[in-house]
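Lettered A, B, C, D and E in written order, each chain numbered from 1.
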Amino acid sequence: GGSGNGGGAAGGSDSDGGATQGGTLTVSTSFVVNSLDPGQVYEATGALAVHAMYDTLVTFEGSDVTTPVPLLAESWEVNDDATEFTFTLTDGAVFSDGTPVTAEDVVFSINRLHNLQGSPAVTVEGLSASSPSEGVVVVTSEQSNPNVPTILAMPAAGILNAEATEAEGGTAAEDAASADAATEFLNGESLGSGPYVLDSFDPASEIVLTANPEYWGETPGYQRIVISNVEAETQKLTMQRAEGDQIALDLSGRLLEDLPESVQVSASQDTFYFLTLHQDPAISEITSNPDFVRALRASIDYDGLAALFGEDALPAAGMVPTAFPGALPESEAQQQDLAAAADHLEASGITDPTVELMYPAITYRGVDLGTIATKIQFDADQAGIEIVLDPQPIASFLEAQTAGEVPFRFSPQSLNYPVAASLVNNFAPGQASATRTGWTEDRASEEIIAAGAAVQSAPDAESQISAIQDWQHLLNEDSPYVTLAYNSGVVAATETIANAEYSPAGWQVDLRAVAPQ
Amino acid sequence: MTALLEVENLGVHLPGDMPVIHDATLRVDEGEVVGVAGESGSGKSMTASALLGLLPPGARTSGAARLHGVPQPGGSGTSTVDLLGLRGAEWNRVRGTEIAMVFQDATASLHPMLSVGRQLTEHMRVHLGMDKSAARRRAVELLDRVRIPDPDRALRAYPHQFSGGMRQRVAIASALACHPRLLIADEPTTALDVTVQAGILRLLDELRTETGLSVLFVTHDLGVLASLTARSYVFYAGRVMETAPTPELVTRPRHPYTAALLRARPHADESWDQGARQPLQSIPGSPVTPATAPPGCPFAPRCTHAIEECTTAVPTLSAAGPAGHELACVVRPDVTEALA
Amino acid sequence: MSIEPRTDDVVAQTDDRVDRALGRRRWAGRLRLSQIHSTWRQPSVVLAMVLLAAWVLAALLAPVLAGQDPIAQSGDLYMPPSGAHWFGTDELGRDVFARVVHGARLSLPLAVIIVACALAIGGLLGLLAGYLGRGFDEAIMRITDLVFAFPQIILAMAVAAAFGPSTQNAVIALVIVSWPVYARVIRSAVLSIRSSDFLAASRLLGVGPWRALRKDVLPNSVGPAVVLATLELGNAVLMLAALSFLGLGPRPPAPEWGAMIAAGSKDLSIWWVSVFPGLAILTVVLAFNVIGDALRDRLDPRYAKGLS
Amino acid sequence: MSTTTTSPASTVSRSAARRLRVGGYALGAYLLRRLVITAVLLLGVTAVTFLLVQLVPGDSMTATLSEAALQDPEIVAAYRERWGLDEPVHVQYLVYLQNVLTGDLGVSQQTGRSVLGDLMTYVPATLEIAVPAMLLSLLIGVAVGLYAAVRHGRAGDQVVRAGTLLGLSTPPFWLSLVVLYVFFFVLGISPSGGRLSTYWVPPEQVTGVMSLDALLAGEPAMAWDAVQHAVLPVLVLTVLTVATLVRFVRSAMLEVLDQDYIRAARAKGLPGRTVLLSHVLRAGLVPVITVSGLAFAALLSGTVLVEQIFSWPGVGQYAYRAAAALDMPAILGVSLFVAVVYTVVNLIVDLLYGLIDPRIRLS
Amino acid sequence: MSEQQAALEVTDLEVTFRSRGRGTVHAVDGVSLSVARGEVVGLVGESGCGKSSFARAVVGLERVSGGSVRLDGREVQPVGWRVRSDVRVQMVFQNPYSSLNPRRTIGSQIRDGIPADVADPEADVADLLERVGLGAEAATRYPHQFSGGQRQRVAIARALAPRPEILIADEPVTALDASAQAQIVTLLTSLVRDLDVGMLFISHDLALVRQIADRTAVMYLGRIVEDGATDTVWGDPAHPYTHALIDAIPRISAQATLPETLAGEVPDAAHVPTGCRFRPRCPSAMDICAEDPPVVRLGDRHAACWLHIETKEKHHV
């Protein structure tokens, strides 16, 4: 039966559960969810839901993404060169069907994630799991990688009930990419050990989670969580007239203005927006010209651009958003310098350059990317650079991006996992993203290659931070990337909700922790 | 004979102040078949429409049209009603029960999607208060009366299942359903073949002799006029030009217009059997409407007898010759000779 | 007596009725200059002409009239309407008034291009289908059926999405979805002319089929096409705006009305960003519709009665 | 719309003419002919959509597979095989057709669910607003159209005429925004979007129509909430459709009013109301029915934009998302659905003709 | 008149229409007719008997499904996808409002028909317009500037432009006013005689045909039932149908007399009776009428009727 009431009073009032449990929590966000299979999940809303349904070995608490804390693993050890991680599983964890969580399940889940070769598989590239003894899981990395616990905290590394998954056609074998058939099932039912289970999934309108009655930990905060697909502008209206327990996830910038006092807002700058210029002269003589890149870099009105995202966005100083250790200080934010832009342009030897800027025609975190692109176009024009905008449907954009032949593109970017070094793994010369922009090692300066290597080989967190700052300084000098601004992920919640804190960990808000106040 | 309908100085203006009928005066006696003739656009249909209040919306009328012997609403006695003064629902006292109408195109005047039975009985039930079966019985009688074979079957049929002549018979039956005293027939045979036309003319004649029905018969065919009607009016440009007992009118016309009309038609007259073949004589010029008519006599520009005075003075209808022969002509030449 | 269906005339009548109900007028008269003149004297039409003329003028004089550059991001963001910015400023601080005025430079010519192309393609195919008949007619009609089986906007959307968003592709998409209407209208006009006595008379005099097509058929079938085209101009403005609204129209920073509405729709509190372009669309389309409607009335005397 | 006017108007002389020519032959033969035509049409629809999808630069693979996986030819090949992307185009098409014939519309690449299943969820949602809007439009359309025809040329008619022209000229997405702004943002008397307030647990899908399902589940308050959510979308769709309908009804009725048989009915002394309701309306209904069929198709296309703004999870939104994501099975599924609706509606219209007009009654 | 050399020779002409739901209609079913130069032949019959179909087939506008149409021994060329080079048979249509192209000047429409070898076509057009009683200046005007009668004059001028030898007039005055009718008929007959053109004049106005035709043919349900010199046909009809037609015409006389009626109705052309088609309505029907009646020659005329078979010799044409 329905737990709501038509009177419009808070749906949080309890009708048939325990005293501490709330009724329905509504999370409004504008989403395109492709899958709720942990092995396939790669965008924010999917991560949000999967995180609530599937326990991981370790996790993060609140907005702190620096210290992994135990979840299914009660403890872990790492060898000296950070290639072997040994996790000891906690006792008593059970899946939603009541069967206990075993080391086999963990091994199965991590290997399946790897072998499925879905989008999130990049994070576990080079990792493999095994279980030497009952209750123990060993994860080995081909290279030294101190961030393995962080990676294993990601929703994609959620632990599935291996037996049940296999019964639905799932497999963790090498050929999982083509042989696994469990995804469709997992889009309708969850097979995890988390506090919530999947009730229904409608990719267009909503994901409904209900409390897992078998949950082995603390009773979840709500009986029911509805993740509702709502455009940002409507989310704002909803928050203004909130009825019941409501969370909105896309209210960044301007949309936060004139919200009622009672709404609690938690934010963290974990996203950056950047331009990518292809370095292969065969693709474009213009974008591969370093002086042209410098001219463009100098032409951007960084303050004005950041203002488009709203008050709490910042002009970018480097590639690492401020939410993460290793970000450059605000004082180093880039500045528009039209005179310098003119000089650079002259130095480039290109007159009246015209370039086409491709970007996905989407609204991201309440901001229309077209608006930002138009601003870039206008700024560049001030420096005598003509930009023709080329908005593309997201699918076409991704395809073109992957094909690696787009001369000039614009997109938002967040981290694969909440460690600044993950950016180096992706954007350093020769790495995946860099390759797609023609930034091979031979086209990059030795200095920058060395700086990247320094980040990866940093022995401890502190030295890694300074290494990554050096790396960013070099990128700002000479790289195919123009980082434009940082924007926040925001959680806006009604005052009746506790622990509605934004987490840069990838799941935005920890639904496991959210509860009525 | 007592007058049933008297129309005096009827004038009709269509919206946009366009005159279409001008001072038309005519009379129908009880049990009389009266003809109205004239060229196309002379206002014959407008006159008929005015008498049933079916003029286009926004039309204005002047003059009077008195219908005598209309039963009082209460049921006691009768009175005279000025048709031009009726408004809205008042018309339902007259339409169907006192005056009924048959249109030129029977195909168009029967509802294509309603059964013949429905169209014959619906107004009976309204006006005569009949129940379904009584109305049906009367409908069968009516169809029989207008010579429709197998009336029971015909009641269930739809108009498109009948031929043109049969449809016109159905339309007549429908018009007669509520015992009207006056039937206005607006060119009911123009669209029909001669053989079919003959049948309809005979039917109307029978109805007159058997039931004493009065008929106002509109046509542009003087031959039809001659075979059916006792008295006739000739219209031109919304005016009555001449009126006389029909045999007199067609054999001894007094008005140059009437004479010209007769000369322009092929001679299917008494000389038919002698096979005389004379050239047709057309009327010079083309017809005018009241809106385009010149001052004076509207026919003057086309009239071979016209004199100066014709272009200034509007001739009025006045007696000429024996028993009810009247004409509107200033000159009044002897035009009969030319016909021979 | 015969109680038998006489199907032929029944079908003919019913066809005719349906045709008329659908606005597919069987072409009988011709659109005369005098008729157009008297059409122009109706107050509503005069008003529509004035409105349209104002928009055309606005399009021509946009740089002067707007006072500001429609793409200059010079003002403050999200300023409500004021003396400095009559229609306020948008999310990039651009002057909404300047953008609305400049929008006419985009929408009006594009609508004309769309209608002209659709008219040319649909008109030619309809003309030939009606005149040649048989196989060609059948083929063209089946293709139009096919296009009609898709809802206009969905097909246009799919085409535009497939080719990628741009002015040119939006125009192509809209031409693809709108030519069949012309083909149908012209075809039915041609069909009625094909069975007309004056064409028969021409052919009897020894006029060849192609010359007759040019001299007798073509001039008499343009009337309904002109009316339809006028009404479709409005429709083209609407559809173009709809595609733009969905992000499938001219690329930014073009001041396209639909795209402007889309920008405003992101935040209802900045109503001026979407209300004014919406009103612009409304008035332009209304003007086209009023004029097209009056022309149609003129072509069909049945309606003219009520107007004079 | 041009069916709307006109546009609708706009628009099917050929098939309208053809479909009436049914007097002589039997219902069976007629239906058979119609089925063949429908089949050919559907075949055409699939072919066109398929072709369109082939023209599209992107495919779904990149959206699904990781970059590392995309570099691996084996994985790519396996993926292509799984979705049949490795076959030549015409083979892919034949495979698709074969599947469609067995009721399998494939799996949406975007939602990962069967397209048929998706349609079953979204179609009722669309019908929930489209059908009431259509009924409302018909009701208002016939009443107002008849009124305007009767008051032909007078003030009432002019007002109606102006109103309908205004309705035809209003961009639907803009109107949606305006009503949302006024009723939700300013007045706060309507919900913002979606089918149901989130604090309700949606009822089990029986009919797929939220308010009915809520009633079946014994939750009148929830049904009321569902109705409130539907009001604005229905309103906008009605405004869009009603203008076309009013204009058609008006012209159809004007034509009928001008007929001799109406004059004849009045000459018989029938009360004005009887003439209007049983004579005029009956005759005028034939073209109105035709137009309603077309108007319903136009209305369905109008849902794309309206659903978008009211966050209404219907086929319109599904279609838009599918187009934006170039989700081939979904696009094909929606196209088929719409084509089926189009032909079925036309068939119903034809059968209705036979009921109303004895002249074209099927023997 | 039958001695005259016939220019137009129609033999056993058949025109068939196939339509869904109605079946096959033999609109014209074996009609033979000839028209000589300078001669006016009237063709009368009730609505739907096939007069127009016959006329259109003769000029080549309708597909002929049997028989032949010859002009001076040469087949008349049908109107098709080729330019028609033989224009010696022309037609005047019933509706003067639809038989002229509203978008072209009168002059240009008439000029279409002027033979290519005419030195000064403009003068020719002017001459034709004068002939039909319109001024030469009419050439520059459009059809809508003329009345119905005037348009019919234009149509006649146009039909005469290519110097035809035969004119087919399909109810050319039915749509006109009584006085305009008289004008047009007078004009047509005088032109035909002046130019030595043969004319087939189709009408359902029997009195009018009687007035102008040299010979009259009476058509019933796709067949000619009687044809001969007009005065003979009307003075002493040989076929009962002709008789009935004549008796049904309302007469003008001092004593009102109702016209005679004819029993029954014209059957549907798709379901014609066997044998003599007039049999079901014929007052003098006999058993033998169930067989196809022979065409009997009676002096200078023919009749398809069994009544005359005992007394007169039998002819099969």
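Note that in this section a residue touches a chain if its C-beta (ideal position, glycine included) is under 8 Å from a C-beta of that chain, and two chains touch if they have at least 3 such contacts.
Chain-to-protein mapping (UniProt): B, E = ABC transporter ATP-binding protein; C, D = ABC transporter permease.
Bear in mind the structure is a predicted one, so any value in this text is a computation, not a measurement.
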item: Longest centre-to-centre distance from chain E, chain (CA-based); value: A
item: Highest C-beta pair count, chain pair; value: C-D
item: Whole-Å separation of chain centres (CA-atom averages), chain A against chain B; value: 90
item: Centre-to-centre distance between chain E and chain D (ABC transporter permease) (centres being mean Cα positions), rounded to whole Å; value: 54
item: Chain C (ABC transporter permease) and chain D (ABC transporter permease), separation of their C-alpha mean positions in angstrom; value: 22
item: Interchain centroid distance [CA atoms averaged], chain A/chain C (ABC transporter permease), Å; value: 46
item: Sequence positions of chain B contacting 2 or more other chains; value: 112, 160, 163, 166
item: Set of chain D (ABC transporter permease) residues in contact with two or more other chains; value: 21, 23-24, 56-57, 152-153, 184-185, 323-324, 326, 357, 359
item: Residues of chain C (ABC transporter permease) touching at least two other chains; value: 1-2, 4-7, 10-11, 13, 161, 164, 265, 268-269
item: Contacting residues of chain A [partner chain D (ABC transporter permease), same complex]; value: 1-6, 8, 11, 23-24, 26, 28, 32, 34-35, 40, 117-122, 125, 175, 177-178, 183-184, 187, 202-206, 208, 224, 226, 228-231, 234, 237-238, 241, 243-244, 246, 393-400, 402, 432
item: Interfacial residue positions of chain D (ABC transporter permease) with respect to chain C (ABC transporter permease) in the complex; value: 1-2, 4-7, 9-17, 20-21, 23-24, 40-41, 44-45, 48-49, 52-53, 55-57, 152-153, 157, 162, 165-166, 168-174, 177-178, 180-181, 184-185, 248, 251-252, 254-255, 258, 286-288, 290-291, 294, 297-298, 300-302, 304-305, 308-309, 319-320, 323-324, 326, 331, 334-335, 338-339, 342-343, 357, 359-360
item: Touching residues on chain C (ABC transporter permease), where the partner in the complex is chain A; value: 71-73, 77-78, 91-92, 161, 164-165, 247, 251-253, 263, 265-269
item: Contact footprint of chain B on chain E as seen in their complex; value: 46-47, 147, 149, 177-183, 185-186, 204-208, 210-211, 231, 234-235, 244-245, 247-262, 265-266
item: Complex interface listing, chain C (ABC transporter permease) residues touching chain D (ABC transporter permease); value: 5, 7, 10-11, 13-15, 17-24, 44, 141-142, 144-146, 148-154, 157-159, 161-164, 178, 180-181, 184-185, 187-188, 228, 231-232, 234-235, 238, 241-242, 245-246, 258, 261-262, 264-265, 268-269, 271, 274-275, 278, 281-282, 285-286, 289-290, 293, 302-303, 305-307
